[in-house]
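As structure tokens, here come the structures.
Two complexes are shown next, each including chain A; its partner changes from chain B in the first to chain C in the second.
And now, the complex of A and B:
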């Protein structure tokens, strides 16, 4: 007799924990809207869409890395070098070819990451953590070397008019910003890829149990190289959207994007231990990260306190993930 | 084996490709030295000294070569070193106090004659500076002020005062808005001493009728996109109440201007600090009212001159303040155009 209510309570707790991020988002929106009604203004909605851009692309790429049971700390270095190389090429080969080159470079860097990991026998998240951190240093140092540490200002320095960059920066199509449409496109493609293709499922199996996946005939090394290549490509998209947002791009652009991307993925509910999660959950995580920053700025919360909240939320998300994992 | 060879080739091709692609770009400034500690036996310059016969060895220990002002300073050190009879190396900490600390110790161990130091954490490097003084090195603080109780660990200071820069900016604003105005502050890297000093200086410089609506600092660094995001949120929150934006760095002001233009706010009085190429361009374009400029060329010159004098047995003033340039549309042509 007493078991049923207990099970009901447990189910409610499980449901709450599963979708905690949604409840937090709703609470955040309500509280901020009450205290600062301008939160609901059209202008703030536009700002949120624009702020959503760069991080969301990186986080989408990071989702596949984490679902696959790995981690990628090379994100800041990749953003840095892709942004600086792409901008360097604009006046040489034109804007769109430069962007294409930037995307290829991002994918190539991701391929190098994945290949390096596999050649080094790094088949755990811990090993990947250190190797990709090292790769980040290499990429960032290359970017600094190429630019001499100086920023690039596409708003004033380039002869090229940069129409695509300007469109990504502030263009609108209907009610949504251009960069948000680009995000929706990639979200749709990646969602279909993850849920409807054999390779998408192979990533989940690889992250769930590497040995079992290998025994099941999945070429796990190729899968790992693929997810890093995919992540590199998505990071490159994020880098292009990021430098489009600001006229001046410094070589250190992208600092802490790996932290925010991992936070968004984990907060969204993707398991840090791999094998569980999807891109839709990541969208929830990114929404929370972006909203949190926006809301705290609108509420006048000071910078240092904001960082405390961010750190606390990351710790909470990992703790919840651990609890879910422990329960199986 | 084949896979290893392939991977090596891919990496090499990538690196060569990147360099080849950017070499012809024409938009990137000339490369600076590596950002990791330079090899002590590989000096940047070894030219003939213009004053005296002896060539001295000096190290520029800087917070980060990823900070363009420091990259420019290093370039100026390299350019000016032969004139004052120095061979220079750079040790970049990349905003990590422990690395800066080790840079000083490396300079001591390798028999350098002088160090010019601009750390990210002034408190963190003081013990290393004391060791450098004890070892007989000339210690010059570069654009970084030591607390009064620790001034004994340096031979001299050369630089512009961030606090004074803030004061001058505040006074400029007060003079421009005698009837009062509202401002928001987009601060530099949270916790950075320059950001703290610019904040305090501005508060000191403004009149009572210049009212702060809010102040936020860039959470992770002096990043333009962080300034942009902060400003976007300020615009939503305060809108037309904002008369002035006090931004701690010119590249950040660029993000502020982007946000203002996206919101259709073209009459806001934006002021920044640095006096770099971006700031000059924005002042010329009329989108930035003032850039409080620092002359890193003069700082490098004074640092080398002072060190040379001390090493030859002379004495120099302890404090060597380099005047700040107040770059406005009216005064901009009276200054040398920066190339950083």
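And now, the complex of A and C:
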């Protein structure tokens, strides 16, 4: 009898921990709205939606890597090289073919990542960490090499009118920006993919216990190559949305995207140990990361102080994840 | 009793781990300057006892007196400093440091600098007749040389008692001879040795006294001269085979699998046949190569040479999926690490291998998924509140049933069970035996590996003994005695 209320309290704590990020988002919105009424303006909403763009695509891709029990630090390099190559190709083959080529390049780079890992026998997150870090250096240096280190400005550089890029940059369809619609499309497709398809499930098994999945007949090597390819593709989508936003694209444009993407995924509640999490959680995580920087900007928090807060939240999220695991 | 020459006295020591009684009222008396053998089957409790002595585990109750001092909760370093060293089978050396640095690891300050370390290390190695350069990296040493380093390390603490856990497992015959000579010398110097081994030949050659442990209990301690090999085996396996097993099926038909050769780094020219409806038992010590054989057949490990015919057709097996396609299933040795995804549900674990079979155009059929889970939960009576219960909350037996269910759904021609009943309670064990019997009676073939000899003998139609990477014999468990079989397995 005396156990009942304690169990209830435990359940409440579990629920709170599980959806902590939602509570934090709500609290953040309320506090910021009170302190700074500009937060709720239409202009700020449009602003938020725009910021949602590039990071959200990268984070969606990263979700599958982390659910599969791996990690990808090559994101900054991939963003840089995809952005620079795509822009360079616009005048040669036209805007849409260039974007298509960019997406293929992203997927190919991801494929190279996954294959390299499997050839190197890297079956742990730690090994993946170092190898993809190395790959990132390669991609970024290639991007610098290809462009000679010069920034590109699609607004003035090309004769091409760039209609698609303009639409991605500032186009609206109904109440939402076009890039947000693109995001919703990918979210839906990836959500269905993860929860309903055999391959999507196989990713979860691989992340849950690589050895058991392998012995249970799951083609884990192919799964790993696939998640890196998928991540590369999503990174390419993010890169295209990114250069549409910033008119001047420098070859180091992707810097810190890996950190923010991993942070969004983990803060959303996807476990770094693999096997647990989904894209919807990542949406919550991305929302929190973006809301947080928006709120801190509105409240006039210094940039360096913002970085401290970001780092602290990442550490906190990982700590909470460990606690959840420890208690089972 | 005269206690003056007793170096170690263990009285009524008990130790339990969650769910397992590892030691029950263990009593051992070890006399100064003797070589004291400790034998017992895998899991009998030898290691637990040694780990209590060396301070890795703490005892639940009982008294230990070492060298006249009563030992309470000790730590590994305290126990080494008090003169009790243990040399583990897999050694405890830092590969990236030199021999000298390893011998005096953690004692650099008290040794007054590197020069002294190497000088003292040299003296110690000389004293045991070893010529290893003290500046050599441990990673460059052979197993025998590493053992010398470990022994020197033990002597550097002026150890009075050295425990050697399976010291011969990685030595060649010549190296073993040298080790025996060295142990003889140490004994003359008054150092006491506890020698743990499976290999009865070594025990008879080397030891003065032997203690036999079984099921966490000390069965007997006797001077070696008063024991015969057969008596020792009888005491080691001990258990009477009672009615804890169902009657074995006799359903063996024609050959289904013909293993022509398996060669790996460890396995040498493995060749055997498996019949349809047969239960084939593998008997051997842990590390003899039993698990390696079945893992090679299933494609879990790479083999140098693998020639297998299934139903008269040559099969190529390079990974577990090939194995599955060829009609082989494997229930792995360690169900928690290799079998299950612990944080996932019963359903997710049961359907894992059927994932693509119940998918159309890549989409998983959710109703079939549920159907499979419910069917297996029912037919195996898996005790779980719902198919969505996480497997990590289940008992060992029910966890094992989840993996069994996964394979029954695939229904492979050949099902390999590696330690299917390890750590499972008696009742569930019986259910698993019945299940094995049912599989065989329905025409399935089973290879069963178990460290529990009575279990394999009671369930199998035929038994192969495996010793040091080879098949050392083939027996009929219904006519051949447990002694003969164990003898062949020990080699």
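Assume the second predicted complex is superposed on the first by the 328 of 328 C-alpha atoms of A that agree within 3 Å, B and C clash if a C-alpha of one lies under 4 Å from a C-alpha of the other, contacts with A are read in each partner's own complex, and residues count from 1 in each chain.
Everything that follows uses one rule, which is that a contact is a pair of C-beta atoms (placed from the backbone, for glycine too) under 8 Å apart; a residue touches a chain by one contact, two chains touch by 3 or more.
From a predicted model like this one, the values you see are computed outputs, not experimental measurements.
Trainee: Clash or fit: chain B against chain C, after overlaying the two structures on chain A?
Mentor: Pair status: fit.
Trainee: Please indicate which partner A:276 is in contact with in the superposed arrangement: first for chain B, second for chain C, both, or neither.
Mentor: In the superposition, A:276 contacts chain C only.
Trainee: One more residue to check, A:151. First (chain B), second (chain C), both or neither?
Mentor: first
Trainee: Between chain B and chain C, whom does A:261 touch in the aligned arrangement: first, second, both, or neither?
Mentor: Once the two structures are laid over each other on A, A:261 reaches no partner at all.
Trainee: Is A:119 in contact with chain B, with chain C, with both, or with neither (first, second, both, neither)?
Mentor: In the superposition, A:119 touches chain B alone.
Trainee: Once both structures are overlaid, what angle do chain B and chain C make about chain A, taking C-alpha centres and a multiple of 10 degrees?
Mentor: 120
Trainee: Mind telling me which of the two, chain B or chain C, contacts the most residues of chain A?
Mentor: B
Trainee: Is A:36 in contact with chain B, with chain C, with both, or with neither (first, second, both, neither)?
Mentor: first
Trainee: In the overlay, answer first, second, both or neither for which of chain B and chain C A:202 touches.
Mentor: Touch partner of A:202: chain C, not chain B.
Trainee: Please give the nearest C-alpha separation between chain B and chain C in the three-chain superposition, to the whole Å.
Mentor: Superposed on chain A, the two chains' closest C-alpha atoms are separated by 14 Å.
Trainee: Check chain A for residues that touch chain B in one structure and chain C in the other, and list them.
Mentor: none
Trainee: In the complex, go through chain A and note every residue touching chain B.
Mentor: Listed in rising order, the residues are 36, 38-39, 41, 43-44, 47, 50-51, 54, 81, 84-85, 87-92, 101, 105, 108-109, 111-112, 115-116, 119, 140-142, 144-153, 155-158, 169-170, 242, 245-253, 255-256, 293-294, 297-298, 300, 302-304, 306-307.
Trainee: Quick check: in the complex, which residue numbers of chain A touch chain C?
Mentor: Its residues touching chain C are 196-199, 201-202, 204-205, 208-209, 211-219, 275-276, 328.
Trainee: So in the complex, which bits of chain C are touching chain A?
Mentor: 298, 300, 319-321, 324, 330, 332, 337-344, 348, 352-353, 355-356, 359, 362-364, 366, 390, 392-393, 406
Trainee: Okay, in this complex, where on chain B does chain A touch?
Mentor: 3-4, 7, 10-11, 14-15, 18-19, 21-22, 24-32, 34-36, 64-68, 70-72, 75, 187, 190-191, 214, 216-225, 228-230, 232-237, 239, 251, 254-255, 257-258, 262-263, 277-278, 281, 285, 340
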